[in-house]
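The letters A, B, C, D, E and F name the chains in turn, as written, and every chain counts its residues from 1.
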Amino acid sequence: MSFLRPRRVAHAHCDLMCGVYHPAQARIEAESVRAIAQKYQDSDDDVFRQRCVIIKEKHAQLVKEHLWVLWTDYFKPPHVEAFPQLHDLFWRATKKAGDAKKSMDPAVGDELLGLIDEIAEIFAETQK
Amino acid sequence: MSFLRPRRVAHAHCDLMCGVYHPAQARIEAESVRAIAQKYQDSDDDVFRQRCVIIKEKHAQLVKEHLWVLWTDYFKPPHVEAFPQLHDLFWRATKKAGDAKKSMDPAVGDELLGLIDEIAEIFAETQK
Amino acid sequence: MSFLRPRRVAHAHCDLMCGVYHPAQARIEAESVRAIAQKYQDSDDDVFRQRCVIIKEKHAQLVKEHLWVLWTDYFKPPHVEAFPQLHDLFWRATKKAGDAKKSMDPAVGDELLGLIDEIAEIFAETQK
Amino acid sequence: MSFLRPRRVAHAHCDLMCGVYHPAQARIEAESVRAIAQKYQDSDDDVFRQRCVIIKEKHAQLVKEHLWVLWTDYFKPPHVEAFPQLHDLFWRATKKAGDAKKSMDPAVGDELLGLIDEIAEIFAETQK
Amino acid sequence: MSFLRPRRVAHAHCDLMCGVYHPAQARIEAESVRAIAQKYQDSDDDVFRQRCVIIKEKHAQLVKEHLWVLWTDYFKPPHVEAFPQLHDLFWRATKKAGDAKKSMDPAVGDELLGLIDEIAEIFAETQK
Amino acid sequence: MSFLRPRRVAHAHCDLMCGVYHPAQARIEAESVRAIAQKYQDSDDDVFRQRCVIIKEKHAQLVKEHLWVLWTDYFKPPHVEAFPQLHDLFWRATKKAGDAKKSMDPAVGDELLGLIDEIAEIFAETQK
């Protein structure tokens, strides 16, 4: 059960006060985005494919929201000094989530997951 | 980065189609609920404490929603046969999330986390 | 005006405190779900049919949410003892609401309405 | 079970297409608003009373939203000709829902319920 | 920067208390509605056009919500006396926003913008 | 009516496709935030002040959301080259919106409005 009792969960003072942040929230939504694009490709049912478009739109939006919260609320000025690529990385990741709304290509979902992993690595560094 | 590339992420057919479920979503929100109750206890600032009440309400609601989705969408009849306590466990866990709205005692958050861990153990069994 | 002044409206202690619950909320949404599936069948306009898919998705989701709240917040352990089928009935009803997202067949809406009626009968029993 | 199989449920063409409208949705939320104001009066627990303020705010907002949808989407120009008080009645009812956010007096909830009943009577007339 | 420091921003007592209202909120959403309908017409990509339907639905809903808030919360009885067309104008404008969900014709968006401009003129009069 | 027919409204290709963006959306919400903090200071009514805390929380959240959308969806790499302070400015502005949730001091609202004005000036430059 180590996955569900992560020692790495953040405990920082923030405007939501709770101090609990984790890139896993964005990643789980991005996994959905990627999986839906694949299911769209594997189907030839019109209604099913329309629902893929609708539902992928929502999960890609949740990716954006989780990333924005992480960027604004978790990271502090010393983090930005230590990781000067931080702003641009979040900008590209949230833009990529926007691309993943537009595209039904699972490869865009993979690129999105790659950017979230980069963020997660920095996050893990700040938790040490 | 093993936390963020969990092999145990579910890939099941579901009404949302994406097949990605994970008890971590409920757990992260429950961590917030518990942390906010503690911060409430540690503060004597009126506005801060009122915001604790408001924000804990939202995160406890998110716990409920993530658990409900997991219960209805991820679990299938064979799971209920294998784990006959499943329905009651989810019922008690979502009721506990309701208790955690009412109470400012971090112990209620701990009980909620305990029930989510029980669900996560069953979930992990079904992923083998 | 008896419909709008129901004596049978529940007044129980709950985590939302208000004590007002009623299966009519889920039923009205399920009526929408059923009606939209029919309108989809009766139309051959592409945009209209796409909007049917989008809007049915939302109402079916509201069915789920109203049922989940009823299950977790209104019903208490003595109810489950008296009506041992309760958990399974709610599980099947919320799963059926998921099916009603997927299907454009009004018959699925009818099945959903049937399950909500079963819940409403139990609810009415508990109000006596 | 006549309550849950209302013959009076509206089936009109509307921008949501489903044609299912009912003043019961606003009324159930207004019942909550009234009940919460009463519970606030009956309690002397600070956190409980703060939660009353938070949750009443939400239910009063739902009253407004259900009424606005009914006004804009269900009623048609011939209804307004037949019931010239319609616009003003909805305006006063939604304003009263606003008052019910501000006030912890259950009497405001009663006034709100009274206005919703006036709307429901007109609605019932249009269903004949 | 005069656009962003409008002297005409309303400061009235209201159930949201903040006193800040402005028809610009509805207008910006209606601009989106109109622009999306045009982009739909200019495209022959299936997924893109489906997304137009989905997203226009949301912005047209936001138009309705901003207008409803303005109608119920900003305007007061003396305004209705001075501008007796007010109720009907808001009713037609919110109905037009409903039409703009149904139609992919940019002309409907133009009509919606026209009605919002009529509201804005009255609003400006009340701010003098 | 020049305010409501701004020539400066953005028409860019974006993941929402509509191309309509405007800092006025964030500014109107920030005006609310500031006004609510002032009303809190001017009142000694407990329920009124609790509602100020609740409602300011929501409007400050809307400020964040409008700013995040503007940052990710409107601005493009050439803008960041021309305005290298852009990322940091949005980061500080959204953090300030978080501060404005915590504080009941209208001065924090003023600082937030100042940062939104800086963003609006850059936005106006990009519209020329």
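To be clear about the criterion, contacts are C-beta pairs under 8 Å (C-beta built on N, C-alpha and C of every residue); 3 or more make two chains touch, one makes a residue touch a chain.
Everything numeric in this text was worked out from a predicted model, so none of it was measured.
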Handout entry: Shortest path length from chain B to chain E (each step joins two touching chains)
Key = 2
Practice task
State the chain with the largest centre-to-centre distance from chain B, centres being mean CA positions.
Solution key: E
Practice task
Please decide if copies chain B and chain C contact each other with the same set of residue positions, more than half shared, or with different positions, and reply same or different.
Solution key: same
Fill in the blank from the handout: Relative to chain F, largest Cα-centroid distance belongs to chain C
Completion exercise
The distance between the C-alpha centres of chain A and chain B, rounded to whole Å, is 20
Completion exercise
Distance in whole angstrom between the CA centres of chain C and chain E is 33
Exercise for the section: For chain B, write out the residues touching at least two other chains, lowest number first. Expected result: 16, 48, 50-51, 54-55, 101-102
Exercise for the section: Can you identify all of the chain pairs that touch? Expected result: A-B, A-C, A-E, A-F, B-C, B-D, B-F, C-D, C-E, D-E, D-F, E-F
Handout entry: chain B-touching residues of chain F, taken from the complex the two chains share
Key = 50, 53-54, 57, 101-102, 104
Problem - Partner chain F, residues of chain A touching it in the complex - result: 14-15, 64, 68, 71-73, 80, 87-88, 91, 94-95, 98-99, 101-102
Exercise for the section: Quick one: which bits of chain F touch chain D in the complex? Just the residue numbers, please. Expected result: 47-48, 50-51, 54-55
Problem - Residues on chain E engaged by chain F in the complex (per definition of touch) - result: 1, 3-6, 8-9, 11, 16-20, 22-25, 27-28, 31-33, 35-36, 39, 48, 51-52, 55, 59, 116-117, 120-121, 124
